[in-house]
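What follows are several structures.
Next, two complexes with chain A in common: one pairs it with chain B, the other with chain C.
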Partner chain A sequence: MAAYETQGFRLDNSGRRIVVDPVTRIEGHMRCEVNLDANNVIRNAVSTGTMWRGLEVILKGRDPRDAWAFVERICGVCTGCHALTSVRAVEDALGIRVPLNAHLIREMMAKTLQVHDHAVHFYHLHALDWVDVVSALNADPKATSELQQMVSPSHPLSSPGYFRDVQNRLKQFVDSGQLGPFSKGYWGSKAYVLPPEANLMAVTHYLEALDLQKEWVKVHTIFGGKNPHPNYMVGGVPCAINLDGDGAAGAPINMERLNFVEARIKEMIEFNNNVYVPDVLAIGTLYKNAGWLYGGGLSATSVADYGTYEKVPYDASTQQLPGGVILNGNWDEIHPLDPRDPEQVQEFVTHSWYKYADESRGLHPWDGVTEAHYAPEGPNFKGTRTQIEQLDESAKYSWIKSPRWRGNAVEVGPLSRYILSYAHALKGNQRCQRVKEQVDASAAAINSVIPKALGLPETNYTAKQLLPTTIGRTLGRALESQYAAEMMMEDFRQLVDNIRNGDTTTANVDKWDPATWPKEAKGVGTVAAPRGMLGHWIKIKDGRIENYQCVVPTTWNGSPRDPKGQIGAFEASLMNTPMVNPEEPVEILRTIHSFDPCLACSTHVISADGQEMARVTVR
Partner chain B sequence: METFYEVMRRKGISRRSFLKYCSLTATSLGLAPSFIPHIAHAMENKPRTPVLWLHGLECTCCTESFIRSAHPLAKDVVLSMLSLDYDDTLMAAAGHQAEAILEEIMTQYKGKYILAVEGNPPLNEDGMFCIQSGKPFVEKLKRVAKDSKAIIAWGSCASWGCVQAAKPNPTQATPIHKVITDKPIIKVPGCPPIPEVMTGVITYMLTFDRVPELDRQGRPKMFYSQRIHDKCYRRPHFDAGQFVESWDDESARKGYCLYKMGCKGPTTYNACSTVQWNEGTSFPIKAGHGCIGCSEEGFWDRGSFYDRLTNIRQFGIESNADKVGGTAAAIVGATVAAHAAISVAKRARDNAAARKQAASASNNA
Partner chain C sequence: MNDSIVVLGIGNLLWADEGFGVRCIEALQQRYEFADHVRLVDGGTQGLYLLQHVQQADALLIFDAIDYGLPPGALRVIRDDEVPRFLGAKKMSLHQTGFQEVLSLAQFTGKFPKHVLLIGCQPEELDDYGGSLRPVVKAAMQTALTLAVQALTQWGAQPREREATLRRGDAVTLDELALAAYEAQRPAEQDACRIGDARFLLAGS
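This part shows the complex of A and B:
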């Protein structure tokens, strides 16, 4: 490949090629290759999904009411969001509207996932890209305590003794010589810029978050019976309400259960306010002051989301995180996004291990075709069919397809939702004022409040400069977690109000029986999944699934190139980032992880009507 | 290095209690009291057992479940009880640094490490439906299995194949025991397994240094020897013939039995109704939805989750999977009619027809 320009980036694969495989601390399996110039700056990036499961093929011919359970197993990390998308798609196809209580309970489950998934992502999958665990051993517990009280005055766990205990335990662990999951980390790398005290504070919160996250998911356990993989149901929720009647003690939802849920919501709000958001702001400030503002990629220009969190069910105008598409970095113009329009969302396979009859065209999910065709190829491919040394991005190189919006590659995720809502707020949307307030307060904290307190130089970046960065992507997720917990408390209060008003309905069973269904129907469901916009498209015929298709956040972000040579969000985000030491891929991991990749989600398959899998080689 | 004893001490357990624990261990292992000091010595000095946790085709719900464990806390398991040296989902290192860890542990702890597998290998397309470090996952699995002490098959993917192996299984996703045939494999099925079941199995292995007693399908008897139905808190409603007939009906609000809504509790071996989920908070039936049977082999291909079971029969809770397993498959629809009829009969004892039906059903069962 000669060097070429696309989307404002100049791709040049002439320099030294390095490979990271496996990319760890993600869901699923992924490979990443980059080319560096003489100064170790990334000038070309290639991201590859390296797994494929074929769930949509498996769904064909099954009962649409069962689909949620199958697709829920696409991913156990963003557990429940595929199930919710699925019941929405089926209900859309059959014209079912769920009762208000069911809507509110589903909203609380979705927002619980948002909080849980975002926090676990930050502390357990992402933090080690920012935090040097071993450096924490050199921290002064007293200074750590002061730092903690500065960044988060209300957090009760902040005494010097507390941090000393954690440090001692860490020391014992490191001294054991058995470093477990921290073995061969990139400790001591100059890519880490935090002082030891910030590292100790973050390691401490790694452990705090690990203990607390198991509490939050109990909201799913109450409403859905278990977590991971709570139960859902077409037409409503299975958890009937009985507050004070016969058998209330054994009913799914009674007063004790409601109190339990409320207590968990309060814990989530507290953790976000006292730990998660302050940590991200402090770490973001320190990296910004060290000059590390890389990783923006497509978020600086092209972002998308379907829009979510209606205050009034089925009324998109009441969304609290409204969607749309922004192109070319023009925040003044928000294009409407319609998942039903065959011209808008389309998937391409020119660089994916699938075949289309005409690969110059993209296909809308309702009309999708898939023929798996594993064939690593191209003039620059090195290795064999079962031993890949180097992929060739000019040919097919991934199990992920390339979805595009009207032909444009876009970034999706919490950052995209926050950019869109911020832009909506600037255009006067009153429902987005909380987002604007969060973003503006964060910019003030990162620019001046925290630098001042730490004796560092202040800066004057605008939201439009700060958000489209790796730091901004990580911040967007923290703010969304904070907002989700706040909205969840409103949902909870509304549920209690509605029950007080005498409505205890949780299911609409008018169309439960397939005999009531039309001979043919098609529908779409969308959800703001933790990693970005998620859509499921279903066709039902004679009471069975005729075709089922998912276009998933990591498919958007992790997509390979398209027929025009446009790169996806992962690839774009790595461009022009300098590496301290190419042997230690800290910067690559930091930016790729900032998307929270979910490869099991992204590598799905679309089956054309009546079409069987083409290549099946039985060993 | 922190030994098991030190962990217990740090957790506030006295020396006296520790020795009591050791003597209990000796008793449960059937050892003479003279062995107690040996056990105590081992506990005090044993380095943490390395665990290599591989991921094939999966959804990571098993890892997510594992970190939800409340007793012991996942934090304590990972930091103090074992040495989680390789786990793609949690480990700091990536790329060749990560792969180097595998090699080191396999050499240094040859025959002494535990292999934990989440997910399964696909065999179609030469295994390249799951590629790791440029190669088929199945190769990595075989390589790491070779010198392992024992293998834990986490979840229904590793144990049975699970969702990607549902018909028509396009990638030929294959459970572990069909690929690795020369090692002890402990199956811990469920989608996912219960958090405390996962940590329960692994801490048992570390504490007693042996594989828990397994049923003939390879599942630990301690968690998988009874059906959810056997210990379900709604079981009295089943026996009384009180069923939910439609979602959100009066019976649903009273917590009646979900059998008619398709509950698979009567044929599912798991600990959901006893241990329950997420620190004993609830389990699917308690939250109003029937069991979908996620710990059973091939549960995806046994009809709709809302179809009423037609292959159960009334056997006593004293029967376990071994005794029942062989006959369950042969049971036909007539038996379930009998099963339901017994319940109906109990509710309507004055109904002569029902009584007659129940009588004939009892004869069948």
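This part shows the complex of A and C:
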């Protein structure tokens, strides 16, 4: 393949090829290949989902009211978002509107998941791309305490003794030879730039996050009845309300349980304000000051989201994170996004291991086809069907399809939502002012407040320069967590008020009986999943599922090339990033992880024997 | 106070014998009732989300499908310190790596069960998306439950045969996914590709 230009990138696969397979610390299985130039800068990137997915096909013929329970099992992370998207798709098809209480409870469950997932992703899966755990052993607990008080003055856990205890625990763990969750790192790599004290602070907060998250998920148990697989229901929520009821198992939700929920929301708000957001800002500042502002990829130009968090149910104009599409980095123009329009969302398979009758065209999900056709091929392909050595990106090379918006590749996720809402705010949307405030405060912290406190040079980057980076993607997730918890408190108060006013309805069962359904119906459900915009499209015939398609966030971000040769968001994000040491792909993992990829639902999970460490092959 | 006992089934029930752990929990609950300090958990593939269940347990019993290189349907019982090693020895699916990590995280946080028992079953077939347990694995469930009930009795779980039928909605595994409905409503083979990933099929044939 000769070098070519696309989306502002020049792809050149002439340099030496590095293969990272598997990319670890993600849900599912993915592989990445890049070409480096003589200075070890990435000049071509190929990302592939190496597992097959077929969820859609096993739903055929089943009861649409049961689909949510199946989609909950696709993967281990976004359980609740798939279930919610599924019931919304069915409700849309059948013209069912859920009561206000059900709307608010669903919103709170979705936002709990958002906060939980974002915090867990950052501390458990992503922090290790920024934080050198082993270096934390060299930190001075007293200096760590000072750093903590500077970064987050109101966080109560900041004494030198506290950090010394954590350090001792970590030391015992490392000495025991059982690194466990920390066994997969490139500790000591020069790609890590934080001082030992910042590393110790982050490890400490990792433990704090682990401790809190298990309390937060209990919100799902209260409203969804079960953990870790909460109940959902077409038409509403499967829980009854009786404020004065007793707390017996299976009894309706009472005031005591609602008080518990309120306490958890307060805890989330505090954790975001005192720990999560300050940590990301501090780490972001230190990496920015080290000159590491890579990884923006498509977020600098093209982003999309369906829009979410309606203040008034079924009124898109009241969305608190409104959607749309931005192209070519033009924040002044936001294109409306309609998931029903056959011309807008389309999936292509020219480079995916699936078959279409005419592969020059994309298919809208309602007309979607999932017919597997596994054939690794192309002049540069090396290996066999069962043992891939090198992929050829000019041919089919992934189990992920290529969704496009009017033919454009876009990035999705919290950063995309934040860029869109920031742009909406600049155009005067009053509901987006909180987002603007968060982004502007973050830019001020990263440019001057934190550098000044640490004695580092100040900078003068605009939001438009800071956001489309790997740091910005990680920051977008932290800010969304912060905002989601705040919005959840409003939902909570509205719910309690509504119940006190005598409305305890939680479900609309007018159309529960399939006898009331039309012979044929189709619908779409969308959710702002933690990883980005999620859509399910359903066709119902004679009371049964006729066709079901999910277009998940990681399909958008992890998509292979399309008929025009446009690259997907993962691929774009790696472009032009220099690697300190190609044998240790810290930079690749850092940027790929910043998307919080979930290959389990964009492809299918079944893993061959793999090594714990990401395997790197230099060719 | 009685020790807290957690019985956890893990695996993905959409992948044939991968569902062994979850189906064991479903069956255990249908046939037995336990003392109040015993909790049955359908863990699915939830990985980290299961941490609190591990931390809360003084005694933890796990059902899972594990490849020990034994004949299909063969059961093995693994205890205490051996458990993490076994879960990591040969992983067939993502959740096992995940669960090994959950155990080490529980150790790191200093909240780890005093007793851990893993009842593992050698699967026959995994590459059958939407499929159910193979007969040999389904048959092994009976012995697995007997072994579990023995261990749970020793731990003071007070198992007794269930008298009242389980009410709809009380099942740990959602009614919508209950074994009988799951099997009966499966779409026909010509409608739904069941083969999974061609590479693994080729590798196995």
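Definition applied: the second predicted complex is superposed on the first by the 595 of 619 C-alpha atoms of A that agree within 3 Å, B and C clash if a C-alpha of one lies under 4 Å from a C-alpha of the other, contacts with A are read in each partner's own complex, and residues count from 1 in each chain.
As a convention for this text, a residue touches a chain if its C-beta (ideal position, glycine included) is under 8 Å from a C-beta of that chain, and two chains touch if they have at least 3 such contacts.
Please read these numbers as outputs of a predicted model, since none were measured by experiment.
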Combined model on chain A where chain B meets chain C, clash or fit: clash
Chain C versus chain B, contacts on chain A by residue: B
Which superposed partner A:405 touches (first chain B, second chain C, both, neither): neither
Contacts of A:133 with chain B and chain C, given as first, second, both or neither: first
Contacts of A:239 with chain B and chain C, given as first, second, both or neither: first
Partner chain in contact with A:226 - chain B first, chain C second, else both or neither: both
Contacts of A:306 with chain B and chain C, given as first, second, both or neither: neither
Chain C-contacting residues of chain A that also contact chain B: 27-29, 51-52, 54-55, 57-58, 62-63, 65-66, 69-70, 73-77, 79, 120, 124, 169, 173, 178, 180-181, 207, 210-211, 214, 217, 225-229, 231, 238, 250, 372, 374, 385-386, 600, 605
Touching residues on chain A, where the partner in the complex is chain B: 19-29, 31, 50-55, 57-58, 62-63, 65-66, 69-70, 73-77, 79, 120, 124-125, 128, 133, 169, 172-173, 175-186, 207, 210-211, 213-214, 217-218, 220-231, 233, 235-242, 245-247, 250-252, 260, 372, 374, 383, 385-389, 399, 504-507, 509, 512, 584-585, 589, 600, 605, 613, 615-619
Residues on chain B engaged by chain A in the complex (per definition of touch): 1-2, 47-48, 50, 55, 57-65, 67-70, 73-75, 78-79, 82-85, 87-95, 97-101, 122-137, 139, 162-164, 166-173, 191-192, 194-195, 233-234, 246-248, 252-256, 272, 277-279, 281-289, 292, 294, 300, 304-306
Residues on chain C engaged by chain A in the complex (per definition of touch): 12-15, 41-52, 55, 90-95, 97-98, 101, 104-105, 107-110, 126-127, 129-130, 169-170, 172, 174, 176-177, 181, 185-188, 191-193, 195-200, 202-203
Chain C contact footprint on chain A (complex, rising order): 27-29, 51-52, 54-55, 57-63, 65-66, 68-70, 72-77, 79, 120, 124, 169, 173, 178, 180-181, 207, 210-211, 214, 217, 225-229, 231, 238, 250, 370-372, 374, 385-386, 600, 604-610, 612
